[in-house]
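Sharing a structure below in structure tokens format, with a few things to ask.
Should a chain be cited, it is by its letter among A, B, C and D, assigned in written order, with residues numbered from 1 in that chain.
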């Protein structure tokens, strides 16, 4: 249950049993060709996979450097890569005979994905969401309710994602016998980080196959944004043994030299959060601090432990991009390619755009467009209304 | 330029030249394998096609009748079938050397699709939109602007889709030399209805292939909603020569016996609207009347002339579904399958759900899910908040 | 080239035609008669009597507003045609062309429409959204009913100009510019070349419309075409007097007449 | 089965243990000392001194609130350990177990942490999110420093119960029920079977915690286990006096003591 020094199961004793049960079931499932087949069948027949690999021709021309390709996770049902994982875990829950799932959510994307698969597979679904986030994400709350999920307001802490996760774990501790906890990223105690990465690696596997088809080689650099880090792990994992340079992009918020950012690797230190030993943002007493990013999906004080390992081993380069840089990249992609990305994904775009011009025209870049920007319209209107 | 008695070019003399130019270019393009290939390439590489064909297992079980399949046009980039046509016409505009496109929009979906392809292909884009609609669809207006389009407010008439279309045509009359008018549905003067149908028939072509793969036969009944009718024509056209029963579903609004509906075929009469002879909603003096539907996409007083012909020839059965029936169907699909459909598409669902239970369990139904419901969230919150 | 009189013999002039356009019922049927009289007085040779329509595709904002006022006053295709005998009774003797979009005609039915034209003594019809290719039956029926079907040609009608012009009746409506109806500041020089080309083929007088809004335009066009059609500008003169018409009708009508004379002098 | 005394010889009793839990610094460090004294007076055998944490995964709302109050008063892991000599100075003689989540310990560093425990005379440590499998090094280091590392077993620990129990030090913390800390109305009967099973393997006293909130619970558990751990209920008694503590400290502390005696009598 470790990625080098990181990972593990730092959980109350009561969860050790359920985690073992989950691990056993997972191992069994992943060894069962029928399970794997069903997972891929649902991804394709229901989720819309494979997602496209789009060449960004206008953008490439404008930046006048490396050829830019986009992996279009925004085209997934419900609008982001989150569904891949939710489908995998929901199928596993069913296989384990658990008829009830719980999930945590910040901006609501994983909550919507969870509520979606719960509806699809006939499972009851409770989504824990901070009170502050409920206020900010009224529309996603409604969406989850429409899908038949129960949204549980969390008032502890600051009422955001970290607190919702704490509360979901607490609820799970008490109800682990018949509940499956569907974690939304490559975080949490073992086997979650590995499981979620395995349910997300379809992004990288597909990308590799598609890229080889189009370019007959692998990309020189691959970019993905990192909050908890599931879209990045899903993209990077199949390329770890290859030559491609991998770049994870964190949220620098108002700047990594200000207190308002979510750049866990760039500015955090190792510690334990949500059951896993990894990098996190904390004060000198080991109290977890509240992160900030314009992007609700990157606004997490921890990061998946496998990223911590890849950071330590330097296999992946991690950069941080500010709110403003992400917004500028979002606008540029929208205007040149007609794709409004999620603000999360715009962080990966921003870093790639910074570097593309300096690369050779024969070089290629692959950016994981983890989700669509529809969910961010209210934020964008507030920030960009005067500019457009 | 006719579909039986319907269609034609009922336009000011000034448009006859541009329409001929368009027709010539279109014929030439459709005969050019390279154009067809590029069109399909963009649909796949950029738009995300093929869209999935999903078996609705939970729903089938619940309705206890025919097996229900959904064609997932909601998985297209920008969230609806509209993109298929916008891509086709934008490629044609480029081929014709027109660097500027104009489009009309009601709720904003076609406007967004047009602004999207304009960005993608580096075209300038003006979208005509009624002032009332601009007020109601603030988010889509912002989206279009973000994509770099200019949104032109139309104050004539009631400031809705009909008026926006009039105004777009007027603008085109004056600027036809360098502007391409990108109509959003199978309406307007020849060759638009045929052109748009041909750019949408990919829906039916794909569905046929996919259905045969899964079921090794054709569906017994196929349902699609009808406003202007492009998603329905795109779905139906490749099945016209087959045995499948085709059902077009109009918006009955508050009831076809009230004045507030948009059931053009059920309650309208033949006449001329937007350059085409077809069915429309009008008063005894031949003045066009304002339609009503909860669905902004079905809220159109005319209908594609090919539908008028299919109605007259009885090859397609047309039904009408009320706001309430559509909302109920939307909720049912959401709860059983985890898919929130556009309210437009929910009309097709509602009619299918009415009929599915009475069909044999060996029978199959195919419903065209023309778009996703994200755009309708504000409406749904207003109408359903208390129920969920 | 011009070989015969037209409009049931009522139009004998083939040069210097002044063809004004008003919307029937704008702002009231009664006032339409008053305006028609003033127009005739100012030298109008043919009156285009517009039927207001909910969706006037070929018209700019001025005529759209007029149509709205007329619709609000209860005007319809039927009532517009029935206005013709009233015009006659009040002394309007020039030929009247019913200008209507196609949909109201279709709802009335072609037979009924032409029967009404004959019965009420309208001499012409102009349907802006019924182009040459869509109008064969309609033109035939017009001819059978001795009603002049007015055809239009536009600068981009190209090779169709000859075909349309050769079959023209009454007068040939030459659209001066791409676009909808409405006043314009400049008249393009190219329009003159276009007029010459149209005149080559037309057996009837060639009148130019769209955008003619100053006395300079009028004079420029007169030098080349057989007539001018003025719509939006006249409606604007009416619009300017809307308030006045309610208070002091005669004074308002006189002001209208004065402006009109300035325009077409 | 119980073979030896523990907590550096300070815990000699192996039956009827009363192990209360308070959060250091709730609501102030000074009052924590007062409460500790009252608890010792009421018969406490070991004191669990909780270190407040921002993200207390194993705790319910009551202890979360206490942690928040303590954090607001400036409490930290370091300060909580440094509170121990002050407790001693004021007369608290019973063994003190530092109850802390793992992250603050990790930030302090294991070496520094154990050095501080020794230096300040804390006899035990309990880390609720450091389960058996993750704690091998930590347990070894505790042993080397003569600090009791308190292990937990839960009803769903299953085949791990034996493994954990056999290595237990100080006392074995038996989680009575699935869930986080907090008061509960009912104690399940199954918990008694579970306790019996745990006792089979444990070389140290078996104390039961989680949800013990009435005198009935206490009596029920006492009949089967070697001790009771009471946390949320005691914090609730403190919470009830928060206002009183500001006005009339002694009276408030006396009310607390009275309620406490009712609970553990």
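We adopt the following convention: contacts are C-beta pairs under 8 Å (C-beta built on N, C-alpha and C of every residue); 3 or more make two chains touch, one makes a residue touch a chain.
None of these values were measured; they are calculated from a predicted model.
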item: Common touching chains of chain D and chain A; value: none
item: Farthest chain relative to chain B (centres taken as mean CA coordinates); value: D
item: Geometric centre distance via CA averages, chain C-chain A, whole Å; value: 67
item: Whole-Å gap between the CA centroids of chain C and chain D; value: 98
item: Length of the line joining the C-alpha centres of chain B and chain C, rounded to whole Å; value: 38
item: Full enumeration of touching chain pairs; value: A-B, A-D, B-C
item: Chain A - residues contacting chain B, complex; value: 44-48, 51-55, 58, 72, 74-75, 77, 79, 115-120, 122, 138-139, 142-143, 145-148, 331, 334-340, 374, 377, 380-381, 384-385, 388
item: Chain D partner contacts - residues on chain A that touch it in the complex; value: 8-14, 16-18, 156-157, 162, 166, 169-170, 173-177, 269-275, 277, 280, 282, 284-289
item: Interface residues, chain D side, partner chain A - complex; value: 53-61, 64, 71, 76-78, 101-108, 128-134, 152-154, 156-158, 160, 164, 175, 178-180
